[in-house]
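Each of the two complexes below includes subunit A, the first together with subunit B, the second together with subunit C.
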Partner chain A sequence: MEGREILWNISQPEWMYLLTFLSVLFFFYGFYKHVRFWGKGEEEGESTPFLPRFKSFLSQVFLQRRILRRPYSGLMHLFIFWGLLVLFLGTLILAVQYDLLGPLGGRSFWHGYFYILYSFLLDLFGILALAGTGMALIRRYFLQKTDAVSPWQDGFALWLLLSVLVTGFAVESMRIGVAGTVWERSSFPFSYLTGLLQGLFSVERAKALHLVLWWAHLILALVLIALIPYTKLFHMISASFLAISRAPGTRSALAPVFSEPLRLNPDRLTHLYRKHLVSLDACTRCRRCEEICPVAGEEDGFSPMRIVEELRRGLDDSNNDLGCLNDGGPLGKVWECLTCRSCEEQCPISLEMVEKIVEVRRHRVLALARFPTEIKSLFKNMETFGDPWGMGKSFREDWIQEEESKKRLRDKKGFLVWIGCQTAFHERNKRVALSFTKLLNAIHVDYFLLGKEEVCCGDLARRTGNEYLCRNLILKNIETLQKHGVEKIVTLCPHCFHILKEEYPHWGGRFEVMHYTGLIEDLINQGKLPAQKHLDRAVTYHDSCYLGRYHGQCEGPRSVLRKILKGELVEMEKNRTDSLCCGAGGGSFWLRGNTGEKINARRLNEMREKKVQVICTSCPYCLVMFEEAIRNKEITDLAVIDLAELINSAG
Partner chain B sequence: MEKRGLRIVVCMKVIHQLSSERGFDAAKRALDPEYLVRMINPADEHALETALLVKERTEKRKGQAEIFVISVAPDEEEGILRHSLAMGADQAFRVWGEGFGSLNAVAVAYLLSMAIRKIGGDLILCGKRSLDMNGNEVGGYLSEFLRLPNISEVSSTDFSKAGDKLVCRRRVERLGYDLVETPIPVILTVERGENEPRYPNLYSILDWLEKKIEVFDTNSLEIDLNRLGDLKLAVQATELTRPRPKKVFTPKSDLPPEERIRLAMTGGMEKKKATFLQGDVKKIADQVIDLLFKQKFLKKD
Partner chain C sequence: MSKKMGKGDLWVVVEHRDSELLDISKELCSQGRRMKKSSSALVAILFGNEKNGLVNDLARYGVEKVYLTKGEEWKSFNPEASVTLLSKMIFEESPSAILFGSSSFGNSLASQLAIRNRGALVTDCIDLKEYRESWVAVKPIQRDKINVKMVPASGMLPLFTLKAGAFEIEESTLTKPIEVEEIPSQISWEEMLTKVVGFIKADPQSASIEEADLIIAGGKGVGDREGFKFLEEMADLLGATLAGSRVAVDLGWIPYERQIGLTGKKVTPRLLFAIGISGAFEFTIGIKESKFIVALNKDPNAPIFKIADAGIVGDLREILPRLNEGLRGIMR
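Let's turn to the complex of A and B:
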């Protein structure tokens, strides 16, 4: 019968229990320190149902979808994760059986088919773990860019892991070589290895070596366990906590600062939430965010990862008080963030960097009133005139030239077309609004306009941290919308779309909101809008962050384009949810000179290489940014046009 | 005698932003209330910022200072006032009575002076002028009513070395500055200059949403209504006109095409050309005379 004697060849096993106890003690002390750090966070009021959270936890932790986006490091991580998980569970089952069930008189099940399956699985996953660790070491020392510096503990943890796995296999080989059963000797994968060893050692020597290796394996494994909370290996715990604490799909709305009627929890501005602290703890410094971020790249420049690191360090030192963190280091760069969320999209544990960056901005604006001077005039404009341009409502209806559209200001029938400040005041974007309304007029759709009653949607104020201003604008808008009994809103700008859809409900503004690309798609599908394959140009579609990445609406605009294009749609290298920001988001449009121009120029170079003739956008910010880049470079064979204009001229 | 702290009074005005020029009511000769955009006069915010800096400097010298803001404003403009008060005012007063209507600068200065007498002020700050009326008057009239010196167009101010006087920087020319030393009490009219008004923090904004703004009316200020009647708006708007639209240049149609394209490109502007005259003195003088004849500054008889 197949089976195995537990603790074969080991004398004085009581030392094992003592060492294990010490290791676990050390582990829990480190763990406690992390929990204490988390405990400094503010508690969040709302809780969400458990089941959906658990589902997303399973898919994030056990399937590792996010990490697998990059094949090499994804597989590497998957191997290590599953390898170590199975090895740990195997050892745990063994310990439970031997130390708990055994003394209680339970029958040993360490024999027969169970044992065969058990040892096969453990060997298999051990080899996976070994392969993963090897891949990680190769990556660390040969594949990675040289400028990526990480603390020595990161490399140390890998070597430790490797030594635990190697000694483990060596111990097994020795045991099988001396005392293994016939079946074991011929089994995968050690038959060859044990045969080799048998020739080399006598039984006595093999037993002595086994003893030494066994203790070495034990001590190394216990050191590894003890060190988990002190190295980046801790992400296995913190990231799991993060995954289960997060409701799927809520990533897109920022947490509000006030409760209504206007009340401010005194600690709200200076303290981060508990879930924020847990997620800071979960960062493994993998640098994916830094690699994808359109702004990062310069030494000592903006980097989402370094902001997370700085927050982790600073908030631990300062009892979770943002006020104690100075602006000298990475935190001084929070104003460069575009809030485009490509970092979050790439992050293997979906860490919400943008949320934290906005929390820092809020603290700087609301508590300290310390921020770049350009933003001050922006705030003043929005306070006084209700728009970032400082134009005022008397100019807001300027773009409405057709008599047919002017009628829509008076008769409030059908759905509302929300114009937005970027469209109502910018000369280029006025033409988009004009095209879109002409389109609707031509096919006699019932819609109406608010005209001068509209004020800024609040997105800009919110992303730049001025929650108070944003709240005032939102309340004003909700009052207007409810006065006119608005139920459905179609927006021209993805930024308005996002805030109206996701963030107005907190203030009681619940409307059916859609972006105009969705409406056009619907109208074409219903046959109300004719779409013919007219356009014979090389066209590419540029995904706006707030539509593509925030809301996953990538295919709608593309399907519309395919219906009017004679040829194929050209895709950029980074498209859909991986699309590169135009450089205008998160207030950067008004913080010129920072980074915006460099970013859209980079995108433009890529388009030139692909011989694109027309860039199609669906966001007023992207449109202006690209047009500016084209004008600056004096390019004549590339045009940028909004989807609404394209439909008009083609259909 | 117990030394009391420095009392700084800042006069502020809520103005009607003129960029809403599109919406005026021709019949009433006033801005259409629907399009009215109210805001604090920017120069007055600079005055408040100056006051805040003086307060900070006083506190650095272990002294005490308090900032009082006064505004002659109707009830509906109180909300606009509050946001600016959050910059750091300690107390605020509003002067308003029934039937005030449109007041001219003398009347406003008279009302302010009565209020300042009541509050007591050592350093009185006004904005240089308001963006809507552009009168540049109130500071001067206040000086007359309160019998105090007035330093105009101050861009920044600080204490003298001894600490008992103020040294004010006034901009006089493009690049020139006057430094004026003045005893306290004094009235300063502050120009939008070196100090950028701070943005209030949220705690202060929320505080000022609830703080009480005391209202002075004709009774509490013991105002002679007859006198105020004389001071009613002396200037009447007779006509409101929109700014003239920018002329769009179109080249004449009878010019040759090359010339028309050139004109269209330059917008009809001739490029300024400089000619250097060379030679000895007599030659240059002859050329100058020639040029004067050519450009028709001189005429040959």
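Let's turn to the complex of A and C:
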């Protein structure tokens, strides 16, 4: 008969219930503390449909999509996750059978094929869990650099897990060795183990040992469960909550936080939602963000992970109600963030670091007035002149040279071409605007320009934490756009593109927004814009963060390039959504920043190795950053050219 | 005192340095002449022992009477003593109004006098016009975003401090003989709580680049720290302030406080030398308010020449030593 006696060889099982009760109590107390912490956050106003969230939950949690991007740690985590999940469910089934169906006198399903399948699956997943835990221990003690190892509590959790699994297998072996059926003895993995044990112990001693091991296994397992909320194991719950609380595919539009009236408190961060706090709880300190971050890497330098850790610590301090005022340490470095979102792209639980960093900046700017001195003039410029350069609107139309384009200022037909401050005022970028409008003029596309009526889109103000200023700029722009009945906007800058598309709707500005590369692609595909393979140079395309990573628009510009290149497009090692930031995002262009090797220079090194002749960009910031790096390295055989200029060069 | 109000003379408290009248004081005199009633005189108060040349200068800008301080103690400026003296003088002579320059000198005297003599003080005026029996002053507030009009209360002594550059300097067409008189009021120096011991002249090289009138800025083209020595020498000779581009700062040739440009400071000198600076937009945005720019660069196509008022194409290591040599001859 396939089956087994539950609680074989165990006397006084009532202790088991008491211990389980204590463990669960302890677990729920810890859980409650987390929930109380989450409750400190604000309730989110808008909710999104459940089904898409549920789908992404399934794919993130059960398929572990993001974690599997790294093979070793991905597989390791997958093994532990599925191993523990099945073992837990198995134990749950056992409890249901014994404590629920048994006393009710119901029929037992604890036999036959069910039991065989049950035993097999539990053994199999037990081994997977064991393998995963082993891999984790090897990784922790042999593969990682010593300075990258997380605190001892994390190691303790691993050892605990290992001991639970090992005692579990040992208990089972003892039972099979003494009372198991013939098929059990020959089943994997016990045939070998029981054989070994039978040779070593007499039946009496095996029974005694089984008893000891059984209690040890039980206590260790209960300790493990009780400790879940107190160790990083809690991410199994918080990360699941996070996965289901979030709509998939929202490309980091910063959560709208500006409330009327504006609530500011120097002692606390005022605009953190519950999901933000859940996500702080879900970080497992895996360091993937730190490894990928273009500005992290220096000891005591900027690190997304440490900012999350510090926020978690600071916010949890009950004496300090959501206050995070500590300037020394990780939070003092928030100004170094480029908002490039590489960290979020890598994070296994898609933690929104940028949002949190911007929230800290907001607090510093709005409530404390504590920020780098360079930013002061930036804010003042945007406030007084409506542009970050402090040039003023009388210079905004300087780039317009063609008579045809000048007409577009008066004649408001077709879609709007949004120029943006970086393009309208910067000498180099003015040429890009000129090239792009020349393209449009040549094929007689209906478009128009706002000229002096445009003010800064607000991206810079928003990312540097000046929510108040950004709101004013946005409202001013929306008013202008609505006045002219604008429906479709084509932007030259990916930063303007992102904020106009994703963040203006919050303030009531709903427009169809496109980046100009998308328009060029469409025009070529429709046969309106002629494209011929005219360019015979080694060209690489550099993805801008706000176009590639934020919006996944990587293939469009490449397909355009392929149409005009005679040769192959050269790809950098980090490309598309993994592209490296040029170093200008998130206000960094206007900040002094770190003095180590510049990020733009680092990117350039790779291009030099690949013998690139032309860096094609589609962002005014990237363009200027690479030009600066080239100038500083005194390189003569490498040029940065915008996509619009490259197409225009066909003549 | 109030009875005499408006009938007394109009006073200007003038400032001078190195035996020369400051521009702001010329503005004060010119404005004073425009404001005063024909029945009253324009009186200048001159602190310090120097009068050579200054008196003639004052006459040129229409001052009719100069009060001079008497005694060695006035050689250096003592705010406390000056306020005490002026306060006594006001009590004795009842001027119709007093104008000061909006400098730390003028503002500190004016504010203290306003308290001691119940004066109606308006600081940082950019315009002053006659208004009924008195004057209306215009002053910028809110970081120069808004101008407000202010009228001193009647019966109070009006005190104004005037912003430099806001008032036209006009020489007087009439050549009246100027009356020079020593201040009759006396103060007792023993009762003064503070005493000025001496002055330390600011080193132009350590002065803030935002304040500097003459700047020598170096960039990547300077080559190395050694190259910057030429610039330092030149700055020494000219009494100029040293500055640099971002690259020069990143390379450690010059400290960050001296960085010009987007991530540094915006400067407004009367003369700026841009040496070995190619003139990227991020740099030039910081110098566009300069009055006169001289560029020195190897590359004749460097964009800096587009915004420079004068340019030299060449190697700074050849040019600067010769330039310094020449300067040494002139300056000594």
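The rule we apply is simple: the second predicted complex is superposed on the first by the 624 of 651 C-alpha atoms of A that agree within 3 Å, B and C clash if a C-alpha of one lies under 4 Å from a C-alpha of the other, contacts with A are read in each partner's own complex, and residues count from 1 in each chain.
Simple rule for what comes next: a residue touches a chain if its C-beta (ideal position, glycine included) is under 8 Å from a C-beta of that chain, and two chains touch if they have at least 3 such contacts.
Here the structure is a predicted model, which means the values were calculated and not measured.
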* When the two structures are superposed on subunit A, do subunit B and subunit C clash or fit side by side? -> clash
* Which of subunit B and subunit C A:N525 touches, first, second, both or neither -> neither
* Touching partner for A:T384 - first (subunit B), second (subunit C), both, neither -> both
* To do: For A:S202, decide between first (touching subunit B), second (touching subunit C), both and neither.
  => neither
* Partner chain in contact with A:G392 - subunit B first, subunit C second, else both or neither -> first
* For A:T91, select first, second, both or neither according to whether it touches subunit B, subunit C, the two together, or no partner. => neither
* To do: Figure out whether A:Q482 sits in contact with subunit B (first) or subunit C (second), or with both, or with neither.
  => neither
* For the superposed three-chain model, which listed region of subunit C (61-69, 151-159 or 241-249) is the one that clashes with subunit B? -> 151-159
* Return the residues of subunit A at which the contacts from subunit B and from subunit C coincide. => 384, 390-391
* Residues of subunit A touching subunit B in their complex? -> 262, 264, 269, 365-369, 371, 373, 376, 379, 383-385, 390-395, 452, 468
* To do: Give every residue of subunit C touching subunit A within the complex, in rising order.
  => 145, 220, 247, 250, 256, 262-264, 266, 278, 280-282, 285, 303
* Asked: Across the complex, what residues on subunit B touch subunit A?
  -> 17, 19-23, 35, 37-39, 83, 196, 198-203, 205-206, 209
* Structure fact -> So, in the complex, the side of subunit A touching subunit C is made of residues 374, 377, 384, 389-391, 426-428, 589-593, 595, 624, 627-628, 631-632
